[in-house]
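So that you can tell them apart, the chains are marked A, B and C in the order they are listed, and the count of residues begins at 1 in each.
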Amino acid sequence: MNIPEGLFYTKTHEWARRDGRETCVGITDHAQSELSDVVFIELPKAGRLVKQEDPTAVIESVKAAYDIFAPVSGKVIRVNPEIEKDPALVNKDPYGKGWLFVIEGAEEGDFKHLMDKGSYEVFLKR
Amino acid sequence: MRPLLFEIGSTGRRGTSLPALEFPRKEVSSFLPFHLLRKNPPELPEVSELDVVRHYTSLSKKNFSVDANFYPLGSCTMKYNPKVNEDVVKQIGFLNLHPYQEEETVQGVLELLYNLEKILCEIVGVDEFCLQPAAGAQGEFTGLLIMHAYHSDRGNPRKKILVPDSSHGTNPASAALCGYEVIQVKSNARGRVDLDELRRLLDQNVAGMMLTNPNTLGLFEDEVSEIAKLVHEVEGLLYYDGANLNPLLGMARPGDMGFDIVHLNTHKTFSTPHGGGGPGAGPVGVKKFLSKYLPTPRIVQEKELFRIKHDFPKSVGKLTAFYGNTGVLLRAYAYIRSLGREGLLRTGQHAILNANYLLKGLKTFYEVAYPEMCMHEFVLTATRQKEKGVRALDIAKRLIDFGIHPPTIYFPLIVPEAMMIEPTETESRQTLDHFIEVMKTIAKEVEENPTLFRQAPMSAPVRRLDEVWAARHPVLKWEKKKRDEIPVASYSA
Amino acid sequence: MDYISNTPEDEKIMLDRISLRRMEDICQPIPEALRLKHFRVPSGLSELELKRLFLEKAKKNWNTAEHPSYLGAGSYDHFIPSVVEHIVGRSDFYTSYTPYQAEASQGMLQAIFEYQTMIAELTGLDVSNASLYDGASSSAEAVLMALSIQEGRRKVLVSKTVHPSYRRVIKTYLSAQSVELLEIPYDPLDGRTDLKALETLLVNDVACCVVQNPNFFGGIEEMAKIAEKLHAKGILLISVVYPISLGLLAPPGEYGADIACGEGQSLGNRSLFGGPYLGFFASRKEFVRKMPGRIVGQTHDEKGKRGFVLTLQTREQHIRREKATSNICTNEGLCALTTSVYLATLGKSGVQEIADQNLQKSHYLSQRISKLHGYRLRFRAPFFNEFVIETQKGTSLLEKRLHQRGILGPLPLQEFYPELKGCLLFCVTETRTKGELDELVKVLGL
């Protein structure tokens, strides 16, 4: 299971990559493999204000639909236009081309609630 | 596969004719202005009657059905659909009745529907029934609207509905449609509602609880009286999802267990054909104190006459344009009258007997989710098979090769690799023995040749279909330009 | 008569196998206190007795095969070719279940795929679902879908010319939601949606507007004009249509409707005292993920062979539970099959001919009645096969006179619209003969 260093993780299997005021969000390798083939993704509109743990997007496989929760609070400023056309990117490259959306303006405190690689690994083993 | 209707036939071909007009035809333009008219005729098939017959006969053979196959589909009660029920309804005295005919001209049908309401009250143990909802899910919605109206009348519609985690998906969906927040109640280790959890969740904001009994694990909720007491203590209402009524017939009644509102699925308990997915009917019954909220119109008896009465100011309203699915309801009535008291009781008993006989025969080869005496159905879990890389889905597909319809799989959600099996009372011991043999063979195949399952089904008209492709690239109708893109193999019938 | 195959001998073997002594012990899982003591249902009937009972009751009803009927208003007496009921009566279809197991249900799935194609073609819209319960509930589902598309907008407009029962059903579906339902009056001379009144109601938080075409009075609405006004404010148009009329009238897709729905009964299904019917439902491609109900899609198996599956199922209750687009579980599979066989049998030219005959015959009758003393056409709008006649003769007297001659209908409107005292709604389909129409005119003229 691929769990890159340097990202933040949630208990609901989202990852967050912090880059200055911007936080890029996607789902983990574990999540994509549990989901199996992603067939559709409902993304938020850019400009939407979200609070940490708000359901923000929906990912669907053939027989299941999962809410994606915002790992941090802030404003959605970009969504990934490529995955609407090709949802399989989430399966193929969950940490890269399969990113979902970018949130701007997360507070330092938000990240304190998230896990690092090590804690997420332990969390998955439980 | 057979070509589509649109791929056969030829220009100008027709399947029927109409009598000629008996007076001179006038130009359409003398009646209607041009801008209201259709510019191009609809591109419908152009086929002969024989084309139609061959086409659909061929399709009908690419379908499992109760008349041809054993159908142990859990929670769906796929019992035999008696032929006489078709015949008694298929006469012009019922088929050709307009819903707005004067009451005097429809006394026969009104009497039958009225009597159906009465007999359902007796079977279920409630005071009044309304037949209007067109299906179980609409019945649920109706029942919850009644709950909403009742609480609103008392000053507060309340906010929450409790449903067990083993409930049917329609329960939470119907509750949401009524504006309720859905709270799931966990099942305990015995597969029943966890009473401690229930006590914790109940408060003055709970409008009611929805319960299936026997539940979707096929287990009788033996603490139902206590559940009713607890729900009533916070002045909530108890709702009965009638999906699993079959094994209670003649033996126990939801009304006596403390349920206040009930919906039934006539296509399950009362043998009306499933029709490839409808039409069904979802009558709703209530205790006296809720009857004023039932949908309108109602059939009432005034002296010798049956009347259609509309004036019920507290009614929750209407669910369908007229009186519901009369054709389906009449079949249900025919079934109940055929069986009568003794037949209904035997139905309930044999539903339980058949299920337990199967359970006994299968438990050596498959893990049972809750190993105890079941009611009309039970749930196996393919965990042992999964270790060999064979999942419930694979077993389901393999059963198709043996000419048996697969059980319900991956439901209820609380059992991993669930296979929910309901034989119904109409199946014979020989059929059940055959099913046990087939399941035994499959269990052996899992041990000896697990890769075989990737191929299954092998004898169906198609191999396993690519559902991921279908969802990623929705093709929801035939389009002319697509013809060239269809693989050549598709054209062979 | 019950339908249990096992004999007492089987019963004994089976009970033995599960370690029970007597059949009475089978109710063991049910607590003693809950077991039923007295079951007051009459004894069972033999097949012969049952047939007698139903025949006796059927005879008490007047049927539209033997009594000429002028009733329409959402349920129509159309010719049904014999082939339709022969096909639908095949038990491989009617005793099958919802096609969740695609490989064991290719027949029904393909039939529904063809149904979807025909409905899309007839309505001129991109996608159709596999059908809903009936015309009224499909209109309500259309409103719910529009509210979900138009997030934040909480007002719904419904024209008063929409079938009164449909309006009641819409109201019922919305009764537990915080949505404001507003009715658009009709023009008292025209009998169609009052376009001026409509304009005053087009405020920003309106999500959708429901218009029926032809409307309840039979009048053909100016749908293109209505669509234009609505779309200028970002409001969705829900068009409730009578599918038989679409052999002749502009389809919803052509005038810009966003959702088209309605009663499919007229397409090959019997009137059967109100049901089972089917609600057809079509929409634009971009809204497909908000559609209620089942949808069949095309795909292929691993060998590339074409096949069909239920698809986009994540919209539905069995997966999404309380977040589903609708609580609907079943469709009206067999009625949708009926409709497909009917449309295939009639075909491209048949549906045009039926529509034309309805137009011709209803105008033949309306012209003859309105020439009679004491009768006039109430509304001046163009109509399809239903029209409103106002009479000074007293409707109850007329009803009695028609009843004496074994004629069913027309429908008095006062019960639905108190202001339309003395008004009768007539429907004429292709099943009425010239002889019957002339006879009716004679009776009315007495």
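Convention: contacts are C-beta pairs under 8 Å (C-beta built on N, C-alpha and C of every residue); 3 or more make two chains touch, one makes a residue touch a chain.
Note that the coordinates shown come from a computational prediction; the quantities given were computed from them, not determined experimentally.
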Exercise for the section: Report the most central chain, judged by the distance from each chain's C-alpha mean to the global C-alpha mean. Expected result: B
Fill in the blank from the handout: Of all chain pairs, the one with the most contacts is B-C
Fill in the blank from the handout: Chain centres from averaged Cα atoms put chain B and chain C apart, in whole Å, by 19
Completion exercise
Cα centre of chain A to Cα centre of chain C, whole Å, reads 44
Handout entry: Separation of mean Cα positions, chain B and chain A [Å, integer]
Key = 38
Exercise for the section: Can you tell me which residues of chain A touch two or more of the remaining chains? Expected result: 40, 60-63
Fill in the blank from the handout: Two or more other chains are touched by the chain B residues 467, 471
Problem - Per-residue overlap in chain C, given as positions that touch at least 2 other chains - result: 313-314, 319-320, 323
Handout entry: In the complex with chain B, residue positions of chain A that touch it
Key = 37, 39-40, 60-63, 87-88
Fill in the blank from the handout: chain B contacts chain A in the complex at 410, 467-468, 471-472
Completion exercise
Counting only contacts in the complex, chain C reaches chain A at residues 289, 313-314, 319-320, 323
